[in-house]
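Right after this note come the structures.
Next come two complexes, and both contain chain A; in the first it sits with chain B, in the second with chain C.
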Partner chain A sequence: MRQGFRQSMAWLHTWSGLVVGWVLFAVFVTGTATYYRAEISEWMRPELQAGASIESGRAADLAADYLKAKAPDAQGWFIGLPQPEKPLIELHWWKDLVSPMQHALLDPRTGAPTQARDTQGGDFLYRFHFELNMPPLWGRWIVGICAMILLVALVSGIITHRRIFADFFTFRRHKSAQRGWLDAHNVTGVLALPFHLMIAYTGIVTLAPMYVPWGITAAFDGDAPRFFVEAGLSPEVRAPAGKPGGLVSLAPLVAAAEARVSEPLEHVAVYNPGDAAATIVAIFEERKGLAHLHPQIAFDGATGAELGATGAVRPATHISTAFVGLHEAHFAGPALRALFFLCGLMGAAAIASGLVLWSVARLPKADERPGFGFRLVRALNVGAVAGLPVGLAAYFLANRLLPVGLAGRADIEVRIFFGAWAMIALAGLLRPHLRAWRESLGLASLLFLAIPVVSALTTGAHPFDGEARFLGFDAAMLATGLLLAFAAYEAGRARPQRRAVQADPAAEPARIPAPRPAGTPQKRNAALPQARRSA
Partner chain B sequence: MVYRAAVAGRVVLAILGGYGVASLCTALLSLTLPLVRSEAVTLATLVSFAIMVAAVVYVFAARSLGRAVVGLGSLSLLLGGGLWLVNGFA
Partner chain C sequence: MTPIVLALNLALSFAGLAALALSLDRHHRDAFLTRAPTNRARSLRWTGWGAILLSLAASIALDGWNFGPVQWIGALTGAALLVVALLSYRPGWLRPAALAALPLALLALPFALRG
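Moving on, here comes the complex of A and B:
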């Protein structure tokens, strides 16, 4: 674009980062929270007591009884068996591949719908992370394209960054607003750079066959199920026979499967449950190690005879599934998971500081009217970066404050999440820019700090009562609240609106580019390239 | 105006051309890597995203839009020709 390789890459980094920054910020924050998806779900269903051991076989039969009554003609059932940290039977079923997935949660002792409050829990954040609460295909494509552009932004950012090692130790917070933001962006971006590269690439790989199906098209004539079977990722599933048949009891199959594999049994899938050629697949927890490989055993639904099982996979498949495993970090122990969590936060911070840097580097001069693009970016920055935490806090608070028996409760929680977020985004338009930052971050802080209190008051469970179950969650909410309070304080501090270079142009003539008005062609030169080159 | 059109041209070329080159490469490698076919597909798909990033970087680093078009175009022709030779379009 510009003359020279590094300048063109700086241009690419600036603009590719800007166009997807707002979506990616939300993807990073919700994805980072997803490292603690199980804990969030546990907190959001305080009625459940984790830890009770429940027999899988009986739970599977209770699930099958429920589904036989509810969806005998479904194309598939997907039964999530109760686990120590999640004492629930989670059911999904689908009539065909186009109609929406149905969902139910059962009490594993009775087989009746659970008495716990209706919520999507941490699963909402998990799904939002790659589907944005849109129709799955749309959301996955949008997030995939954003991740691809993130990868481009990372690579071009690295190329731009000649002094990558020295800048590691550089944080000129007080030099000028722009310098401070640039250094903040560099520190958060560079410090966790291996993580950022890993998470962007592996994230795309989790849905690789959807984004780039052309290998399967070329080598398998587009027969994706065949590919998954040959790769050892899935056992063979039979086509329906077209005539009705009975389904065997699941408990003996669960027992037989559990005797074969040492990992805990997580799911039982039943394909064409009402058909004479039904297939039952037992799906286990991943084996120890990086790879996202769930051992699976398939049974004949009519006779219970074993049809096949997945075994060891070949090297390329192992590498590819290890990419997915790295992204999900199920292998990580508490310390590594915490490190990944921090890296995820740094990713979100790098995106947010990059977005702010864009606007700080293009602050109009005193006698100029800010252009439309400049105002749009600033408004979106407040809406995306400060609005999301408010939405998240509102989501958690709604979980505690809405009546437990309210109809459609789970959907209302989600609507409150989006409602609060949208409200902040709109309110940000009405307030002066710096005040909008301070007020929305301050509100987010207050809401987060209120969560442990509201939770204690509404559930009666609090740490001072010897109830340590949610100590970690409460601590995380308080820490988030304090962090946001600090951010609100910093955002509201009086600092020169104009870039410092105007006040002191002689001190460092070349380091900071001369301020240019927004909206003129030269502005494309601004900020990064010259700063880098001359630094 | 000319500048904006050139930028828009590069964006379009980066997206469509980058994806096209990555896809052709994936298809060709899936058929030609000396591996079991599921392995060839997996490996080819895994590297396709790196190929796309490289193609995008190339489009924006090229001296002019015309050069980028010629570069990606001839690469696509080569890959497409290779794919045709191994009966990838059959």
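Moving on, here comes the complex of A and C:
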């Protein structure tokens, strides 16, 4: 059996894309939202007033006091210092590398647990986009494998859809359902192709030491921390001495560190805090530039003497951290960040339209019964593509509607997110296909449109009250709601589809000849409804 | 990395990509109901590539080799999406929009140089 190169690439593109498409759609949407992680977190903790000036030295000492009482024998503390946009002390600590990480948020003025509502905020979306809310190792492996397959799908897709460059600007919405979806897939895929290739590749690079650890294992005899020290990514951390010791006050060290580096101080890490050989590491924000490199200074926990600092790095480290930097786009100002966001949405749209295209290209003929696989794919498409927005909107609404003092509130928000998503996935299985699309997209739209209203009613903070803090977030929710309403409207106009022509069921979408317009000028707008109905 | 440099980039890439799109028969017909005459298609193509290269040069000159190319590709993507949307929904608007974008880019240039 001989197949042409392009046909085998088309097969690879179709099936690799289908297998990982559902997961990748969720990864793209939540990852794209992560460009606004800080803003989402801010919105989800409306009790906090951003912008209050907070002294980081005092905050570090308050954090250390809390942790000395709570976890004196921990292996490590990780203290996130309050920032203007996030006026909270965020604490993580771990007993050892096996037991789960502990977490607390403190009020930076009092050092007591914060009164702000308990929520994971934007961090949930951030972690979901590479861990899928699974145990970290499992989630990272699954997302990593999906990202690797995405690279395969991207490269084989460039070969399969060979007309993408000839049809660079083409989006024929009204020729036929298949033509429209194919064009949508190609346009969103090709216009943002540099972004798609970059984000898939850099995403894998970010976790490369996890996916292919053997180089580090071989070169450093399994001593992975040594690798990070030698690469210039972190200063050296001492092994515990095994006997107890006192920890110096953090405030003078914070002041000394801040005098040395001009970037804002973000974190203070304390390793083996109860030990005589404790190490304190001050971690700063990245310097201006593409590279994701945090300057760090290490201090002796018992004496406060400086132990070492990260300095200039060699080219390999610089390049790999620049990849991470490109992925996160922390360097981007508001306008460029909006373009990254747009590119991320185009990635999600390319995946979603590819999934729909798979099913549209395999519509049963008028006298055929749709097979089980076909129905399953269509139902999963609804569940994945329309279900996720419903889940997201439910997550935001839950943040406003659950009682502020509810125990386990943050977990309940997450459960509501998954519950709403699962409900739509179930509806996708039970309802007629087109109706399932229309209803779930319509529901998502209503929920998103409700967010600013519910937020204004429950917090009393709204623009008409002179409260402009959440104007941007509210506008984004309204825009998302309107976009989904448009999608629901379009889904409602679609007719139940059957393949009319005796098309070859094995034909790949990309191999359909592009119809050239006849010599007569089209009467575009007048011809639309008929063209659509006949399609 | 100032918004004004990005605006300059967007305007230049939009004008350039619009010219390139109109140099293709199919899209020329969408916008003007006729094929593009050969010499017109050629000059549109030159203008298009010229504006895109100018946009690259401007972003590198103003934002350096680190951010310039990132900025340029981002602007190209955004502008291209706008061209496609206009061609699909309002093809008649493409030419006036592109013609309006060019003077906007020229207007942004002195501000970008000063900032």
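Keep this in mind: the second predicted complex is superposed on the first by the 494 of 535 C-alpha atoms of A that agree within 3 Å, B and C clash if a C-alpha of one lies under 4 Å from a C-alpha of the other, contacts with A are read in each partner's own complex, and residues count from 1 in each chain.
Note that in this section contacts are C-beta pairs under 8 Å (C-beta built on N, C-alpha and C of every residue); 3 or more make two chains touch, one makes a residue touch a chain.
Since we're looking at a predicted model, the values are computed, not measured.
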| item | value |
| --- | --- |
| Which superposed partner A:Glu230 touches (first chain B, second chain C, both, neither) | first |
| Touched partner set for A:Ala475, first chain B, second chain C, both or neither | neither |
| First (chain B), second (chain C), both or neither touched by A:Leu457 | neither |
| Chain B versus chain C as contact partner of A:Gly333, first or second or both or neither | second |
| Partner chain in contact with A:Val212 - chain B first, chain C second, else both or neither | first |
| Touched partner set for A:Pro194, first chain B, second chain C, both or neither | second |
| Touching partner for A:Met101 - first (chain B), second (chain C), both, neither | neither |
| Touched partner set for A:Leu426, first chain B, second chain C, both or neither | neither |
| Touched partner set for A:Arg314, first chain B, second chain C, both or neither | first |
| Chain B or chain C, by number of chain A residues touched | B |
| Contact residues common to both interfaces of chain A (with chain B and with chain C) | 521 |
| Parts of chain C lying in touch with chain A, wherever the complex brings them together | 1-3, 6-7, 17, 20-21, 24, 26-27, 29, 33, 66-67, 70-71, 73-75, 77-78, 80-81, 83-85, 87-88, 91 |
| Contact set on chain A toward chain B in their complex | 1, 5, 8-9, 11-12, 148, 151-152, 155-156, 159, 201, 204-205, 208-209, 211-212, 214-220, 227, 230-232, 314-317, 319-320, 323, 521 |
| Touching residues on chain A, where the partner in the complex is chain C | 168-173, 187, 191-192, 194-195, 289-290, 326, 331-336, 339-340, 342-343, 346, 516-517, 521, 524 |
| Residues on chain B engaged by chain A in the complex (per definition of touch) | 3, 7, 10, 22-24, 26-31, 35-46, 48-50, 52-53, 56-57, 60-61, 83, 88 |
